[in-house]
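Each chain gets a letter, A, B, C and D, in the order it is written, and its residues are counted from 1.
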Amino acid sequence: MNALTSMMLLPLLGSLLIAVIPNDQVLRIKQAALGTTLLIAISGVMAWFKFDAGNTSLQFVQISQWIPSFGINYAVGVDGLALVLILMSVLLAPIVVLAGWNESEGGRWSVKVFYILILVLETMMIGVFAATDIFLFYVFFEAMLIPVYFLIGGFGSGERAAAAVKFLLYSLFGGLLMLASIIGLYVIAGKHGGHTFDVGQLSELHKFMSPTTQNLLFLGFFIAFAIKAPVWPLHTWLPDAAAAATPGTSVLLLGVLDKVGTFGMIRFCLALFPDASKTFTPIILVLAVISIVYGAFLAIGARDIKRLIAYTSISHFGFITMGIFAMTSQGHSGATLYMFNHGFSTAALFLVAGWMISRRGSSTISDFGGLQRVTPVMAWSFFIAGMSSLALPGLSSFVSEFLVLVGTYTRYPVAAVIATFGIVLAALYILIPVQKALHGPTTPGNENLTDLNLREKIAIAPVIAVIVALGFYPAPLLNVINPASAHVIASQGFTDPVPSESAGK
Amino acid sequence: MEFTAPVLNYAQLAPILIVLGGALIGVLIEAFAPRASRHSSQLFITIASLVAAFAALVRVRNQASVDAAMGSVAFDGAGVLLQGSILIIALLSVFLIADQENFTALAAAVPGSSEERESLQRDLRVTEVYPLTLFAVAGMLLFPLSSDLITLFVALEMLSLPLYLMAGLSRRRRLMSQESALKYFLLGAFSSAFFLFGVAYLYGYSASITFAGIQSSVIGGSGNDVFLLLGIAFISVGLLFKVGAVPFHAWSPDVYQGAPTAVTGFMAAATKVAAFGAILRIYYVAFANAQWQWRPALILIAIVTMVFGSVVAIAQRDVKRMLAYSSIAHAGFLLAGVIALSKSGLDASLFYLFAYGIATVGAFGVVTLVRDSAGEVTDLNRWSGLGKRSPLVASVFAFFLLAFAGIPLTSGFIGKFSIFSAAYESGSTWILISGVLSSAIAAFFYIRVIVLMFFKDPVEDGTSVVIPSALTLTTIVVTSAITLLLGVFPAPLITFIESSAFFIR
Amino acid sequence: MTTSTSLVYLIALPLLGATVLLLAGRRSDKWGHLLATALSASSFGVGLYQLSQMLARPTEERAVTQKLFSWINVGTFNVDAGLLLDQLSICFVLLITGVGTLIHIYSISYMSHDENRRRFFAYLNLFIAAMLLLVLGDSYLNLYVGWEGVGLASYLLIGFWNQKPAYATASKKAFVMNRVGDMGLSFAIMIAFATLGTVSFSGVEEASHTASKAALTAIGIMLLVAATGKSAQFPLQAWLGDAMAGPTPVSALIHAATMVTAGVYLIVRSNFIFDAAPTAQLLVVIVGAITLTFGALVGTAKDDIKKALAASTMSQIGYMILGAGLGPAGYAFAIMHLLTHGFFKAGMFLGAGSVMHGMNDQVDMRRYGALRKFMPITFATFGLGYLAIIGVPPFAGFYSKDAIIETAFNAGGVKGILLGSTALLGAAITAFYMTRVMVLTFTSKQRWEDNQHPHESPLLMWAPMAILAVGSVTTGFLFTRGDALVHWLSPVVGEHAEGENLLLQPIVVSGLALLAVAIGVAIAIMKYQLSEVDAIAPHDVSVFTRIARKDLLQDSFNEAVFMRPGQALTSLLVKGDQNVVDGAVRGIGRTALGAGSVLRKTQTGFARSYAALILIGAIVLIAGIWVVTQ
Amino acid sequence: MNPYNYLYVSGLLFTIGAVGVVVRRNAIVVFMCVELMLNAANLTLVTFSRINGTLDGQVVAFFTMVVAACEVVVGLAIIVTIYRSRRSASIDDASLLKR
């Protein structure tokens, strides 16, 4: 059976299994969830090894008819880009389950519901990256909103209902714009050689489009992805959602779901509308740079630790977007690697923050203080996560961030230069909470916090390990990413700028 | 001058005739059967005749002829599909109607009179509703098949008159119910007067009352265009009134609210199918070649309808009214299919009609379950926390709402996609855009209800969910199953529609 | 080029130490410090071994490389994790590991009472590793890793006692200001890649022959920015003073001997760029000149012994930068001064630490005095360092500083005169404030209460001081004997071009320098030795003193120009995000809702109004169709 | 005499009926106005049948009368019920359902 399909089926089976476990056997349910996610993670890693990095064509392809009358297929397959993101998703899932062992309790509904939603979500996460049929992609893209919506609204805290609605409406709005564009594509495809949703065939279509049509269709897709990603000024749903959701949910939300946005920009915006992409690149770069700086400033000003992390992500997504539209191999590979790394560093930040919050009973940064002395391990985990978030050399995110900057500089120096100021702001928005929460005297209310227990250590260890390991040796990922991004660049008709002063000239 | 005896194709008319026969038997039962046995026998007769009619329809599903009744009734694929949908929907609605809790004991009794009280004590049950339903169904079956203006008019009245009465049969809030009946009747009569006037002018224009005749004179261009214009305009008023398109929608919220919920469901679902069936036939067959006259106006109406329906629905506080406005919005979407004026438009409309009808019956079926001591609770605020009280019912209702909103993996999404792509294919971009936007607005209020049910805490005011009767349960299960099925595996139905849907001329 | 497989151990050993100590946690409290010291020492051993190997080889084959693996490889952007050990880096390796080891030893005793000593040693090892990576990396990007690594280590060590909020702030300040400098380094790397297509030292050097002046100037200036950040040079000097919050050994190792000199290393390492970019080079000397005066002036006013020493560090590095800015003539001297400074300044810091150790962490020199009797060894070692820094022959500082002053004078033209006289003035002020430190601390009258019981530090502490003292006596002499260092470095920094028509002969310069020193010393002695010093800093002082005490208003400046506007902008954006951006979104929602509640009023409930609606609709429909038809 | 005049008459009748529906309050009267409109339609049909010289129009007219009769039956039933429960035949009184 096709590797991807089986990876998508596993969570569903898992959720069925959980559904039959009686409600009161909470532990059993959790174990089932953890087991399933681990299984998927393993199969994901196996797929990783089966993958032939050398060839740029899609692999693990499966195509079977779904709605023949509309030329809609169940078509899955991955290139380096998709594989990396799927790997990230399936690796994060068990960590989230293990880390948020207790966040499923005290929600509106039973523990069971929580894990069923998580597993269903995982299926869709895999599907959305694996789909090579735009209709199928759209189905996952929209359907995955529902579980997240219930995860936020049902198990979150604070203004969870409002946040959930905001998240859903924002995304639905974007999704509908994309639907309009998809319909447009469908019709145009019908006029030129038959209805299809196959990305490959559709990417030939732009030849038949008038510039205006192409721009409009591009916008339909881009706005949807810009909301997901999120790009300034379409970001305001993210802080609320992240602040309301449980840490685990936030990890999946920022770590995985938002990547769908940047993933989509590469997979659809660029591939389907090359000319429009070129047209809009300047504007998008401006937005990306704004996101970088703006997100950083808001993070500096944030009082709530979860919101702070959310804002840092806005800044990071700015980097990713910039790298994507810089149209250089460094920028592209950097952006893809960035997606992977951001997944893990955000996961680390959110999980540790979640533990801090659940222990302290508050998410206001100023309520913490001197944790380094009370809970050294927790403090260190947070610190390392923070360092990775500010892209400290030697940690994974540095490689990606620097690649993005270098790649952008070679084509768009100004954007890169402004973006680079982000690294100073990053130092501020990480070190300020570090100073307030971890350093200084241990403030009242924090004296008796307990340090991480074994489970939590086991959960956070692999994340940090990945962060450090990839910082020193990113080759395994880059080898898979490079061919893919080189392929995209080439198909866009771009070549890396030659060094202006190279001795060769 | 001699008359030729009419030649009828009884096989093709069988469905209609069977239903009419059932209705007549029903009348006889009312007249002679003892009270005690009436209900069961009526129910049996009704269900039996509907099933029989369906069987008869299946027998002749592949036939097609213009003169099933001397050219007054066209029997073709589209007709079969429409009749089939109507019969299925009618059957499911009858299951709801069978729950007598919804109906007054004695329609003639003055509300609050001793007469009524006594009748309630004696636990009388109104059973006229069954024959009325059958008469209405018969009219609905005839309406979309009519291929001349007389039949069209007669069918229109046949389906309307029983509905006027049924609207007044509510057990509780009798005054409202009667008021809705009155409004429905007066406005209905008013609109059918317009309709008839239109008939007159079309006859004046083409000297013929058959669609074929009208079509040929439109093509021939003989005759006074002013008459054609007036004819189309006036007939449209009558038809658009039935489907509740703005500005002829005003009756529907009031009637939907006042009528017994089961009837509302029947009305909302079946009437729409029948009316749109007729509209499709007359516009596709009779007026097709005059599209440059009516299409712009219809496009405008469609856009106004979908936007108005969605926007006003936001502000509703009563479930039934909310659904009424949503059905107005959907009427707008369906008009897009009429405007498409193409094969794909026809297919899309037929699919949409069936999917929407099923979901509507289901949704109203759920509404009948939410009650307090004084009968059904339709005030949305009292629905809050329903998800806690009875998660299953709430989830089902939420599912139907998502289907209305057109979220993937529900029938609504496929319908929306196909109908909009058809509309865009035929060049009406504005329909697509406004459709997408109003869908976004619509999502807003569907989600508000979901929030209300799941994320708000229940109000302790005796609102509860009754254990559904077996029949009601069947309806709800079947409808939700179909809605899901059509969302996941729509291919069979779509291919079937594609292969068989056409209008014989 | 010769390759080696053992370079990596230089870094790996201390890195291993850091990892083990941090992961093992409290379990390693018993032996952690010993392990760390041992590893640092063994790294020093490897360094010596490498040196011996290097000496064994002919000059042109002395440089050694080791490629570990291909680190980042995207398109044409290929960076290996590669190490380069040449005549320049070996100096640093030995300085870092050597002085580092001594300071490890010193800290064993100095930190013995701190419950977190193990963590302290972990950080120290981390620093050693990062610093070695910095000087061993064979490309700007590898250097960058070490560059930020030492920044991290210094952040951790400055904030080692971060339970004191002020210290935590100090560490943050240091990190952030360093990041500003690092930004310069990233720019430099980006420009290098965009213009030269490579970021490795060898590649850039090769490309620099053909590259345009503009590109090289840009790179050079950005490198200078980086240097100012890490080496606390003007205008990014403000963090160094606060960095004294860290434990004294840290100040000795990181903020005196090694890390802060990384800027000098960077510039000397990039000599091929600066030689080809005069403008950048000019900026370098300007920065150097400004900073050396700046630091010196600040030094005159500080009463906190560590802050005084920090100021002098700043000033001394100013000398090195100045030297490095003077091109081939100066590189060697810059490095020489760097090395000698490494010895005597480290020694003096340790001395200061020992004094504080004896005075229960009192740092105010006005509360010292007459400590000569109580801690003779400290006095002796500190004194030797003192003689070295003010440049009294034959102590180390004399040779190195003198050389720089001389080269400055001979830089030619007005430039030469200006720079030379600045350096000379600096020497005088240095003499003044160092004498001030010396006198206030050791020789002047006792100004501390009798409940204090000053005492000499234990062997583990004074032994390193002694060794460093020896270094500060001898090194200068050794390096200059037959221009040993100059020749040693020439393969890296280019042949030392001895100017022909010298403005001033060396002997003259030395004379002038000694004169300046003498004046400085004399004033200091008069002011502090022969006259009364009050135990609390007087407030009725000249405005200049006040300004000097406030570090020439550097903080107030930064606050006014960067911090406050930044904070204002932040809060503005926060408000804006809530009210404008998100407000717009919420506005849309409210509009829809409002429209809905308005439109639903059309549903009056009166059947007649509905009928009217239908009628109007019909009329409009007819009209519409009519219009379309006509 | 020009048959088209009948069209004008019927048009007039129809308009009167329509306006009547809008302006009159009494349900019975409103209903009668609707009947007036139907009859206007009938007149039109008959006229056209005359103009076109085919019988269909008149056939439709007959059907219309039948249907109208049915409408009367249903309509009066509803109106009477309302009247009995409200003691008023004014359609403006029946305005519980709104908004």
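Going forward, a contact is a pair of C-beta atoms (placed from the backbone, for glycine too) under 8 Å apart; a residue touches a chain by one contact, two chains touch by 3 or more.
Keep in mind that this is a model prediction, so the values were computed, not measured.
Q: Quick check: more C-beta contact pairs in C-D or B-D?
A: When B-D is set beside C-D, the one with more contacts is B-D.
Q: Taking every chain's C-alpha mean, which one sits closest to the mean of all protein C-alpha atoms?
A: A
Q: If you average the CA atoms of chain C and of chain D, how far apart do the two points sit, in angstrom?
A: 97
Q: Using mean CA coordinates as chain centres, what's the chain A-chain D distance in Å?
A: For chain A versus chain D, the centre distance works out to 65 Å.
Q: Taking each chain's centre as its mean C-alpha position, how far apart are chain B and chain D in Å?
A: Distance between chain centres: 25 Å.
Q: With chain centres taken as the means of their Cα atoms, state the distance from chain A to chain C in Å.
A: Their C-alpha centroids are separated by 37 Å.
Q: Residues of chain D touching 2+ other chains?
A: In chain D, residues 18, 21, 30, 91, 94-99 touch at least two other chains, as defined above.
Q: Can you list every residue of chain C that touches 2 or more other chains, as numbers and ranges?
A: Correct list: 589, 600, 603, 605, 607, 611.
Q: Mind pulling the chain A residues that touch 2 or more other chains?
A: Counting only residues that touch two or more other chains, chain A contributes 169.
Q: Go ahead and list every pair of chains that touch.
A: Chain pairs that touch: A-B, A-C, B-C, B-D, C-D.
Q: Where on chain D is chain C touching in the complex?
A: Those residues of chain D that touch chain C are 18-19, 21-25, 30, 91-92, 94-99.
Q: Can you list the chain B residues touching chain D in their complex?
A: 107-108, 110-111, 149-150, 153-154, 157, 161, 164-165, 168, 174-176, 178-183, 185-186, 189-190, 192-194, 196-197, 199-201, 203-204, 207-209, 253-254, 257-258, 321
Q: In the complex of these two chains, what residues of chain C are touching chain B?
A: 589, 592-593, 595-597, 599-600, 602-603, 605, 607, 609-611, 613-614, 616-618, 620-622, 624-626, 628-629
Q: Given the complex with chain D, which residues does chain C contribute to the contact?
A: Residue positions touching the partner: 600-601, 603-608, 611-612, 615.
Q: Under the touch definition given earlier, write down the residues of chain B that touch chain C in their complex.
A: Contacts found on chain B: 182-183, 186-187, 190-191, 194, 225, 229-230, 232-234, 236-237, 241, 247-248, 250-251, 253-254, 292-294, 296-297, 300-301, 308, 311-316, 441, 444.
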